[in-house]
Amino acid sequence: MEIDAGNTAWMLISTALVLFMTPGLAFFYGGMVRSKNVLGMLMQNFFAMGLLAVLWVLVGFSLAFGNFGDGGWIGNFDHFAFDKVGQAAVTLGEGTWMSGGAGLALTIPFVLFAAFQMTFAIITPALITGSTADRLKFKAYAIFIAAWLILVYSPVAHWVFGGGFLAKMGALDFAGGAVVHINAGAAGLAMAILLGKRNGWPKEPMHPHSLPWTLIGTGILWFGWAGFNAGSALAADGIAAQALFNTFTAASAAMLGWLIVEKLKDGKPTTLGAASGAVAGLVAITPCAGFVGGVAPIAIGFITGAVCFLAIQLKFKFGYDDSLDVVGVHLVGGLMGSILLGLFASTEYNPAGANGLFAEGGGLDLLIDQIVASVIVLAFSFIMSLVIGKIIDLAFGLRVDEDEEEQGLDLTQHAEVAYNL
Amino acid sequence: MEIDAGNTAWMLISTALVLFMTPGLAFFYGGMVRSKNVLGMLMQNFFAMGLLAVLWVLVGFSLAFGNFGDGGWIGNFDHFAFDKVGQAAVTLGEGTWMSGGAGLALTIPFVLFAAFQMTFAIITPALITGSTADRLKFKAYAIFIAAWLILVYSPVAHWVFGGGFLAKMGALDFAGGAVVHINAGAAGLAMAILLGKRNGWPKEPMHPHSLPWTLIGTGILWFGWAGFNAGSALAADGIAAQALFNTFTAASAAMLGWLIVEKLKDGKPTTLGAASGAVAGLVAITPCAGFVGGVAPIAIGFITGAVCFLAIQLKFKFGYDDSLDVVGVHLVGGLMGSILLGLFASTEYNPAGANGLFAEGGGLDLLIDQIVASVIVLAFSFIMSLVIGKIIDLAFGLRVDEDEEEQGLDLTQHAEVAYNL
Amino acid sequence: MEIDAGNTAWMLISTALVLFMTPGLAFFYGGMVRSKNVLGMLMQNFFAMGLLAVLWVLVGFSLAFGNFGDGGWIGNFDHFAFDKVGQAAVTLGEGTWMSGGAGLALTIPFVLFAAFQMTFAIITPALITGSTADRLKFKAYAIFIAAWLILVYSPVAHWVFGGGFLAKMGALDFAGGAVVHINAGAAGLAMAILLGKRNGWPKEPMHPHSLPWTLIGTGILWFGWAGFNAGSALAADGIAAQALFNTFTAASAAMLGWLIVEKLKDGKPTTLGAASGAVAGLVAITPCAGFVGGVAPIAIGFITGAVCFLAIQLKFKFGYDDSLDVVGVHLVGGLMGSILLGLFASTEYNPAGANGLFAEGGGLDLLIDQIVASVIVLAFSFIMSLVIGKIIDLAFGLRVDEDEEEQGLDLTQHAEVAYNL
Amino acid sequence: MKLVTAIIKPHKLEDVKDALKEAGVHGLTVTEVKGFGRQGGHTEIYRGAEYVVDLLPKVRIEMVVDDFDAEKVANTIVASARTGKIGDGKVWITPVDRIIRIRTGEIDADAL
Amino acid sequence: MKLVTAIIKPHKLEDVKDALKEAGVHGLTVTEVKGFGRQGGHTEIYRGAEYVVDLLPKVRIEMVVDDFDAEKVANTIVASARTGKIGDGKVWITPVDRIIRIRTGEIDADAL
Amino acid sequence: MKLVTAIIKPHKLEDVKDALKEAGVHGLTVTEVKGFGRQGGHTEIYRGAEYVVDLLPKVRIEMVVDDFDAEKVANTIVASARTGKIGDGKVWITPVDRIIRIRTGEIDADAL
């Protein structure tokens, strides 16, 4: 195919937008931790931008997008060190089952597609930092995300985005409900369990040290998510427009859903609730963005906002310290979105999609596929994360010692303090 | 018309940029309030992103853009719940007076146009929060902006952007000098009067709690305004380019205008002045952005910066507590821009525009139209806002009680504190 | 040429992105200074957005881009006050040596090209504020950057971007390694020497007052650099895509390079190191962005990150107080990038480029050109800055007095305090 | 010499300072503190859990004064800081052996 | 009347406050301070240089109590603030001439 | 035992701390405070209005010392904190009944 300048313009900025989300995430989380740990949190997220980009270029991309459209389990080393990732607009998966053998004809430079995917590979492992906050050694973190990128993210991305077995099975995931959010959320749960509770949790209050940081992070995430979801159309077309609209309104509705339940249950709507609700909506709409329309995004957002508010209470019940609610927001939100897609998807909005239970001509097929795919990704990520985490624990230790935890990560891991006001 | 990928790319990112402005505004204002009220301010702005998006989809868009090009007063319910707001590139107002009956032929998906307009519908009511800062109940706020969106914003948007009577009359408003800034500024004045002064104002100093927040908000607004103004071209063309250039240079010149007068009058140029001046310039260029060129944006910006610096003193003279200067910056800035357009507009830069007094072939016509349109929007918004506000006051009370005001909105409205440093 | 909507869309957003970098820079630096000087730093950067945009429109653009492609030393006054800078897509330098006489055929509105270049003219002088932090009078600053824009930036931009003598000689500079970074870095060195050390430096610790500001500034810079480098392709094409990929991965690799050396030398990787390393990588890739590919950006980034970490120690050795390391990061980073381009450039990635030493068919030619161009820009900027700075010093005084320095710039220059928490 | 220390509500600081200036106090030192007392506290919500925060923002003023001024100064504070609502704070007086002005080395009454 | 002042580790504040409440203390004032002492400090890195920071975060508690309560209160603090590690802090007792409750004007024992 | 309290200019803290260390002081506690005094204040501008801010940043140091050390310590502070310009601050000495080291329960001289 020819390169289309309009599509390329949109994908250039989308790539930049998704890259910008990781700093946004850093501050979304960074505001929630205590002030002695804020640099630790920011550093983990920024460091993901450093380490994972390089690993993606060297091997991650090839493992995820090699053997494109093979309906299989993993890519290959064809694109090792971005080999053959050029400026031309190639067609991926030609001759495979994809689109009836026609494959995915890019209208943008291949290197841009790979860079766009790189930004996903950065933020997904970074999402996990919310559950391990305040107690994970920096060194252990660095090793964990490196291993996780290769052993968990890349294969799962292949299954879905790379035309692997889940895609072939018929599961839909527009921009990463399973690949990004269920995947990271399950890993967050595994790591929270492995690490154990922060000293003092849940008795001692561990309030956010600066909610304005969390809010500015939310603003950046919301903005950047335009690139994440509408960019996943890989073109500046009607589906991208639909995805953008769906993304923004789902976030809005989820904020309302969260705040209403919060107000009913706790008596006050909180700003942290508004931020968390919006993010939960963005998570839920991620798999759906290019497959639904009308008022469906509002329904998906609203329901997810309410459910995620309730879900963040689970950790108190089950006693795992998912410090900043990766499970409640990303795992549960990702599951909600993936499953609600089985209800709301409609080929009216995207002929390449499918019809969910509520759509004309739809049935249970998609819903079942969505559930199966969600469970497979959840289980795979949870188990693999446990294994990787455990090995690192045995080899280097995952957790800072008690004194270090009391002093904070900023000082003990980075020899810095955040504020001298 | 066909969808143009280049135009669509620009409108996708423009929509995201304008959405990002509301968080920017939150911080622009949030930095200026005292630290006990910062979450209250942030919450009001973020909540606007939640509530108003949903209302826009359900009914606001239809009221503003139904009956497109009818030269009338209000839309209809044709697009209730985004009905018939699809991915195709439709032509609006065909067969009406608009463009000699040809209407407005979109080259982007209709749903994208509607989403772009949604971001305007979010930020306009949010602008009002600057005048009501530190004392408005959250519940009263929520009801006020909901009512105001439907009863004030949607009709005024129809008059101008929807091809209603002001547009037909010949008034120009490229991106919302009247629809957004005069409209919100007049509402801000009404609400400041209704609410009364903050306890202690103006005797007690109520300094900004964190000017860096205000500055980062300014940066985000400036950046996002590229989408606001150049996006209002609805295409990636010469007029969009001109609008972008005009927008940036007007902000620059307005900063200089403000700072020079400030330096002369007070002896020092302040960072708050730099921020306020830039925003005043952005406000003033909003109606003009696609209709002027050359050094006109510099003149418009410079004059407005100087005038707005003087205008923020009015509140001390007249005794209304427009806490963060919505009147001085948005109402006065919007009026300046709308009226200066009557001088500087030139069809040299946009054949679809008109010639102002200073342009070759121009006369007083446009100037008069601009003044009439400004006064109508100002009066309508002011009176409607007074009425809506008064009704809410009688029904629920607008203002927190004295104790709550002293404790701050963060604690009393949201049970949170902003900082635990 | 015809205007291409896709290219125009990309250049519109690129212009906005580069504009956004200056607020990003303000916070990158603002976080590093002590809290009594943070507004002074923010103000200097925001004020650059005010003053320099206006000067650029009036005269700077004409001096830099008049006589386009003449192979000479300076532009002219043909575009005084943006005269003849219209919405059409013109061809620049037709009939000159450029591209064999064909010149540079824009596919975007000329006014957009000029606006894009304006954002470069704003940020380059603003970069200097890092070396003069905490002690430069605001008035002296304003005069300095105005003079520097006209006398240093505009000519140097002409030499390289305007088809002047360095471009003709064969030196490559994709997005401003020499024009922006070596140029500003050399000026920073000159000004640090002229101003002398801050009172107490280097004995007294002068730690960053808020590293989170520095990190959010880094995030904004990284994001905006997509527009800076990939925007310098002036089109949404394969080269822009390549430049974007190169930019992001060079920043990542440079962060790793910096942190590894830091960890080895000091025992801990710091967040300030992560931020500085990423910026150093962005600086180094700037001249190379559209001329290299494959894993070259990773090599360029990694080497530069390591070298710049060592370079920031120079100031302790030589005793100049380059407060926030403009020399170590921008001068050294710019030199590294410009020179490494002589090794890694390859026409495989850009036929309009050249082959460096490591490329098939390459030799020493490019390397020598790069070194010569770097030295010329360095020397010119250093000497001119010394002269301009000295004249201002004699006329008005450059430095605040001792008492003012102790009280801080915020209070003494702007009569404000940053925080009332 | 006596040291008068007062804990007051933050928003009364300006009033108290003005009253003290009028009463002839030439210098004082102010600290931001948090107070626990009969006033109780307020409730914060975080992730659905309610936390009672019983340390409330207060301002601490301390000033060294002449022996015979101490009572008067204390009364001035009491009068100007009172709102009549719970949490108004305390004033206490403690003995001082000696006070020195750093700039001049003057001591006691001359140092004030 | 006595003024009991304690410097403790920040994370012991809750424990100490609880212990004092139990011991019948009705009011106290808390200040964030930094302490220098035998505990030494920590190292911060900035631009490749190491800085020893020997002022560590501490919390200062002060409360005026009845003469005969002073020892008990001091002991309560010592017991509840102790971790046994260096840097646990100090408690000291100083005499108070007079304390007044601002809200009511009550003095001494009645003011507590 | 005596409690020596000093109010000094913030940028003299390092010098004073060094001088005190040299003079054999093993521990002290530092608080950020604001001072009102003869020094006057500075002017801030907000929205075209000028505000005189007469509370300036100062640092408060307090340390309990042996009776016979008090004068020496006070003099050390005076000497090291002096700039000779108005606003240098004060040092005052007050009596202490008892001091306890929390870690060990040691009292008085042993607790320092």
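In order of appearance the chains are A, B, C, D, E and F, and numbering begins at 1 in each one.
Note that in this section a contact is a pair of C-beta atoms (placed from the backbone, for glycine too) under 8 Å apart; a residue touches a chain by one contact, two chains touch by 3 or more.
Because the structure is a prediction, the values reported are computed rather than measured.
J.: Treat touching chains as neighbours and tell me the shortest step distance from chain C to chain D.
T.: Contact-graph shortest path, chain C to chain D, evaluates to 2.
J.: Which neighbours does chain B have in common with chain D?
T.: Touches both chain B and chain D: A, F.
J.: Which of these, B-F, A-D or B-D, gives back the C-F interface, meaning over half of its contact pairs coincide by residue number?
T.: B-D
J.: Between chain A and chain C, what's the gap in Å when you average each chain's C-alpha atoms?
T.: 34
J.: Centre to centre, by mean C-alpha position, how many angstrom separate chain A and chain F?
T.: Distance between chain centres: 52 Å.
J.: Report the inter-chain centroid distance for chain D and chain E in whole angstrom, where each centroid is the mean of the CA atoms.
T.: So the centre of chain D lies 17 Å away from the centre of chain E.
J.: Can you list the chain E residues in contact with two or more other chains?
T.: 31, 44-46, 50, 94-95
J.: On chain B, where are the residues touching two or more other chains?
T.: Where chain B meets two or more other chains at a single residue, that happens at 4-7, 9-10, 13, 17, 207-208, 216, 220, 236, 266-268, 270, 272, 414-417, 419, 421.
J.: Name the graph shape formed by the protein chains and their touching pairs; answer line, ring, star, complete or other.
T.: If you draw each chain as a dot and join those that touch, the picture is no line, ring, star or complete graph.
J.: What are all the touching pairs of chains?
T.: Touching chain pairs, listed by label, come out as A-B, A-C, A-D, A-E, B-C, B-D, B-F, C-E, C-F, D-E, D-F, E-F.
J.: Could you please specify the touching residues of chain E with respect to chain D in the complex?
T.: 1, 3, 17, 26-31, 64, 94-103, 105, 111
J.: Within the complex, which stretch of chain C touches chain B?
T.: 3-13, 15-17, 19-20, 22-24, 26-27, 30, 38-39, 42-43, 46-47, 49-54, 57-58, 81-82, 86-88, 108-109, 111-112, 114-115, 118-119, 138, 213, 216, 220, 236, 413-421
J.: Looking at the complex, which residues from chain A come into contact with chain D?
T.: The touching residues are 202, 205, 207-208, 262, 265-268, 270, 272, 309, 312-313, 316, 325.
J.: Quick check: in the complex, which residue numbers of chain A touch chain B?
T.: Counting only chain A, the residues touching chain B are 4-7, 9-10, 13, 17, 34-35, 207-212, 215-216, 218-220, 222-223, 226-227, 230, 235-242, 244-245, 248-249, 251-253, 255-256, 259, 266-272, 274-275, 277-278, 293-295, 298, 349, 419, 421.
J.: For chain C, which residues are in contact with chain F within the complex?
T.: Interface residues on the chain C side: 204, 406-407, 411, 414-417.
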